[in-house]
Amino acid sequence: MSGSDLVFYILALMTLCFGVLTVTSRQIFRAAVYLLFCLLGVAGIYFWLNYQFLAAVQIVVYAGGIVVLILFSIFLTQQSGEKLPVPAVSRKFFSALAAFCALALVLVSVFRFSFAESGKRSALVSMSQIGEKMLSPGEGGYALPFEVISVLLLAALIGCIVIAIKTKPDAR
Amino acid sequence: MIYTVLVLLIVLFPLAGFLFPALWGRSLFKKSAGPLTVVLMTFSFLLSAYFAYLYFFEFGYQQGAYRRFLFPDIPWLEFSGALAIRMGAYIDAVSVMMLLTVTFVSLMVHVYSLWYMKHQERYAAYFAYLSLFTFSMLGLVLSSNIFQMYFFWELVGVSSFLLIGFYYQKPAAAAAAKKAFIVTRFADVGFFIGILILSFSAGSMDFETILHKLTTPGSDALNTAAAQTFLGISALSWGAALVFMGAAGKSALFPLHIWLPDAMEGPTPVSALIHAATMVVAGVFLIARLFPLYAITVPGVQEFIAWVSAVTALMAALIACVQTDIKRILAFSTMSQIGLMMLSLGVAKYEAGPVPGYTASLFHLFTHALFKSLLFLCAGIMIHFVHNNSIWKMGGLRKYLPLTHLFFLAGCLAISGIPPFSGFFSKEEILLAAYRNYFPLYVLVLITSAVTAFYMFRMYFRTFWFYNLKGPTEKETEIEVPALIPLVLLAIGAVLGGFIPFGNFVTSDGHRMPFHFDVRFSLLPVILNLAGIFVAMWFYKTKNKRSDIVQEKAWKLYLLLSEKFYVDHLYEFITRKVIFQVIGRSAAWFDKNIVDGMVNLSGEATQYVSAAFRKLQSGKVQLYALYFLLAILALALITILK
Amino acid sequence: MTEPGLYHILTLSALLFCTGMYGFFTRRNLITLLMSVELMLNSVNLNLVAFDRYVWPEKTEGLFFSLFIIAVAAAEAALAIAIIIHLYRTHKSIDVQEAEELKY
Amino acid sequence: MSLLLILIIPILTAGAVLLCKTDEQVKWTALAGSLAQLGVSVALYFLFVRERAITGQESLILFEERYPLLSDAGIFLHVGADGITVGMILLTSFVLAAGVLASWNIVYRVKEFFLLLLLLALGAFGFFISQNLFLLFFFLELSVIPKFLLISIWGSGKKEYSANKLALMLMGGSALILTGILLLYFNGGRTFEIHSLSRVVFSDRLQQVVFALLFVGFGVFTALFPFHTWVPDGHSSAPTAGSMFLAGISMKLGGFGCLKIAMYLLPEGALYFSHIIIVLSVIGILYGALATMMQKDLKYINAYSSVSHVAFSLLGMGMLTQTAITGAVMQMISHGVMTALFFAVIGMVYERTHTRMIQEMSGLMKTMPFIATVFFISGLCSLGLPGFSGFVSEMTVLTGSWEKDSVFHRTVTIAAAASLVVTAVYILRATTKIMMGPPQLPGENAVTDANTKERSAAILLTAGIVWIGLFPAWLTALIKPDVQQIMKRIAGL
């Protein structure tokens, strides 16, 4: 087992463990921190796969953006020290069963299907390439999705403001 | 051409008399409706008199017989093939005679009403209805097409409804009007189906064609029609019988007579019109119109008609003996007399040359129109005078109403068949026809005639003699001059009408029929009638208890008669208990609960199902996710396992 | 243990996905639900990247899809948190079991 | 003249109504529009007669216009008129004008009310002139929604229930119709054009299936027994003009569809189901009449009597003879005008007495002679008195039915004729009860007679029934060639 392999397994284990902790921890603040680590693990896997840009984005947007957002919202909505309720056993059991079924189904279908792996290693995609592709309207370019995403982000921005805006007490 | 215009005008004057007061009766013609319609009716009558003169003496009699003419003949509604409703005027001796009778009696009633209905509410409407009634009847008698006759037949029905229910605020009047309409309507459905059978058999709706095709022995139409049977009776017999059902409804023959006594709720002049010239004689006219069909093709039905009419005549006469309402007595007498007319048509055997029974029937129709309207108009004066219909409230009226007394007596003598009054001659003819063809019916007619004399004079003596009514406190005039004119004219007709050589004008085939008179034959009926009168005199001329004693002794019979043989009760039971309560109510129940229930059930079923589904829509996000997952799993499984 | 390859990453991604799913079903707090969703999104991204890396290395679709998903996820997270905060204001709770009405 | 004018006028009027500021303006605009429509319809009749005389060919769809909407899917804006259509258009514009006049006293949401009324009329007009099944279905649906709203907003009594019931049952009928139309579309060469579909030879089996679908679907609209239960509730809850439209026009949409779509396109189906139609319609006739006898609410009386009368036209169709079908069309038109009149009068009575229960009224003749007279006239028309339209049409149906000389057909004809007595019973029962008798006045307005607007509405409709009743020949001449066309298709089998 090479070092690279070991790194992968460690990353995978870390991702999974923190993932499980995220969904089981009874303290919401901790859950958020576990999520952060989980996401970092995923970023690590990206690094391991040689997708540095993606990994960077993962860290910046997820770890830096979303998790911080989540933490803020926890601060805004949660009384400190309050523990999350324990879900009922039956609920846990059936959820686990459902998750297991889904897992089994996915794994069965994944392993029944043999993917035509190409032996080639992908060429390292440089940031400038990504930038060009992102803005190129021609063949293999992503200008349209890019624009769509920007509109979406704008819409989300406005939506957030509209939804979260404080209504005056007399307006209700 | 000139004849067409004449006929049209005769019919259109009464129509105008309806339309003007009906449309502007509460504004323009509020006061003048009566005189206006009288003037229009006068025109109509004068024109029909002129037309009758022209027909009988100028153009009608050709080559030894009265001919038939069709003046205007316009297609009105075409069905298919030759079947069509055509609006035409069928001119023959009968219809001309009817034209004259109807317009004359109607004019008399109009004039009389000027006095009788003075200061009444809805004065204009009254005259409008009277004119409508006359118009409908004129249209009916002129009909050249059996469907056209049905058209006017129904109009006559509705006019009678309007007039009987004229005092609409009286519940009894409203009920009577409704009853008259519904009973005749019931009969009319039979008439309608009869029309369909006859006209489809003949391939035409014109009287001319129907009579021609269905009375020529061996014709195709007759053979095919005779081949079709239903319940062992040929289709043609059914058709003829159903047409007779319609006639029976209008002419108040047993068992469809129940509307007639109640129809007395209308104003008295209206009763005069209904009984004398319009509604009730329509049935007789219809059967007379189709007489060859009955006499040649379906003699079985004709015999049936004779028996039904005989039963009606006798029954009505018997009931009349115990009635107390002066108008009801007259109503039952009408029923009885109409029965006699119909009987005469029923017993008349078809033979080459003029049929005496046929002429007798129409002759009686004619004389009856005169004396019955006279009697009703007199009754109107009496009621007007004592303000009551009951003969128990009258008595000794001869002092107060001397003129009316004379007229009424003339009418009673005429209807009782005492020579030389008009009724004697026409009844004589009927008796003769019955004597020749059906002896049992002859006996029945004799009895009826004697009973008629009895109850008419019972009424006469009870109202004009018996005891002296206490004089009215205020001095009331008996009658005004305008109203006297119709009484005088009708009285002249009732007294002298019998001397018209009717057989010279109206016969079954247009050929003139000599008038014959045999004293030996007339002796028996006259004696019987006089006996009836004397019995009535014995009971009622002076104040006595004789009638009460008889009534107590034979109370069962009395009850049976005064309850009109319980026919009304039977009808009441059938309509109210059976049709309304059982059939109607169950239909309504079925609709409300079963049919509507099915609809509501389907609605509720939908609600149940959606309620079940609504539970799924709990608003719980996680449940939705679970459904989502399950669905994905199911889909994936299907794809994988496929 | 063999050399990690496509199947390893797919397995990892499936496990991560099911973990997220488990969390989605068991949790009641809306924020934790959101976290579970993020887990699932990440597993999807992993998948895409893995296919991009092992099956079609000469193409870049996987990469770009991941990028876009991250962008969408960011937007979604922002919106979700806005909704959560609004819900908290109106209901004083962000328990998903209590937020059943479609109104408000 | 373009036939599209028939559609344009209601649309323009609706637009003008939208722009109006006051209620008074709305009413006058609607009245002007409906009168213009009436004028155009009458003009259409004369033009149609002239055109038909010029072309010489008797049965022809005239004034055809065809514009592609979605021509790939066989959907065209294709309009045209034959004699039956012209009759129906005349009927609809009569009822529209009278309906507007009769709704003069509406006070709540006037603009919306007249807008919906015009929309309903538009749906009916469009339905009658459509020569494309898709278009036809579109207009049919267009007429359902306003009914729902008219009842649920301006109605009375248990209006929500009635409105829901009506809308759901009619929608159910529409679903069947749509299925039938789609079956025709896919089996008839992907076209919705009636003309093209009429040339396709469908298999017998398909014809039977589609005929059943279409006939039942349209039958719901025209209150075919046992799908009639929306009628009493719908009518009783609807506002006056709503009832007038519902009974006067909506029910005729169904009859028209049964005849011109189901029977015309699928003659084999008509032949196959003839007996069933006859039995159902005779049940409808008698049963509707008997159920009417027991009703106490004036609107229920007229609603059930409508079930009975409309079944007459279904009977005529089922009989499959030239005369009977002619009678069926006449009955549709006649009943449309008559029942609109009846409902208008009932509305007038209700407005004054605030009750529709016959036992609570008496002697209205004294205080409102005009209304009483019109009530009586419409009653007489209903019971088939000569001189009014009901007589002509019912007699034509019955005479046409008699042409079939099997025991079955004769028996049902006699049964149907027997209903004339029952009709007389319930009409006279209601009339004598409320118009005659000692005056008794519920409601403080009971002393006023009809006003000018109400009088105009009543006179307009009365003129219609009297005109048809006295001079039926023009109507038979108008519709006969088209009926012949249908008969030819049926006889051609």
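Letters are used for the chains, namely A, B, C and D, taken in the order the chains are written, and counting of residues starts over at 1 for each.
The criterion applied here is as follows: a contact is a pair of C-beta atoms (placed from the backbone, for glycine too) under 8 Å apart; a residue touches a chain by one contact, two chains touch by 3 or more.
What you see is a predicted model; the values in this text were computed from it and never measured.
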If a chain touches chain B and chain C alike, it appears here: A
Check A-B against A-C and say which one is joined by more contacting C-beta pairs. A-C
Mean-CA-position distance for chain B and chain A (Å): 99
Per the centroid of Cα atoms for each chain, what is the distance between chain A and chain D, given in Å? 65
Can you check how far apart chain A and chain C are, centre to centre, with Cα atoms defining each centre and the answer in Å? 5
I'd like to verify one number: the distance from the centre of chain C to the centre of chain D, where each centre is the average of its C-alpha atoms, in whole angstrom. 61
Would you pick out the residues of chain A that each touch at least 2 other chains? 98, 102
Enumerate the residues of chain D that touch no fewer than two other chains. none
Which positions in chain B touch two or more other chains at once? 626, 629
Quick check: in the complex, which residue numbers of chain C touch chain A? 1, 3-12, 14-23, 25-29, 31-32, 34-36, 38-39, 42, 45-46, 49-58, 60, 63-64, 66-68, 70-79, 81-86, 88-89, 94
Chain A contacts chain C in the complex at 1-2, 5, 8-9, 12, 15-16, 19-20, 22-24, 28, 31-32, 35, 38-39, 42, 45-46, 49-51, 53-54, 57-58, 61-62, 65-66, 69-70, 72-74, 76-78, 84-85, 87, 91-92, 94-96, 98-100, 102-103, 106-107, 110-111, 115-118, 120-123, 125, 130, 133-134, 140, 142, 145, 149, 152-153, 155-157, 159-161, 163-164, 166
Residues of chain B defined as touching chain D within the complex: 26, 75-80, 83, 147, 150-152, 154-155, 158, 161, 165, 168-169, 171, 173-175, 177-178, 181-182, 185-186, 188-189, 192-193, 196, 200, 228, 230, 579-580, 583-585, 587-588, 590-591, 595-596, 598-599, 603
Interface with chain C, chain B side, in the complex: residues 618-622, 625-626, 629
How about chain B: which of its residues touch chain A in the complex? 626, 629-630, 632-633, 636-637, 640
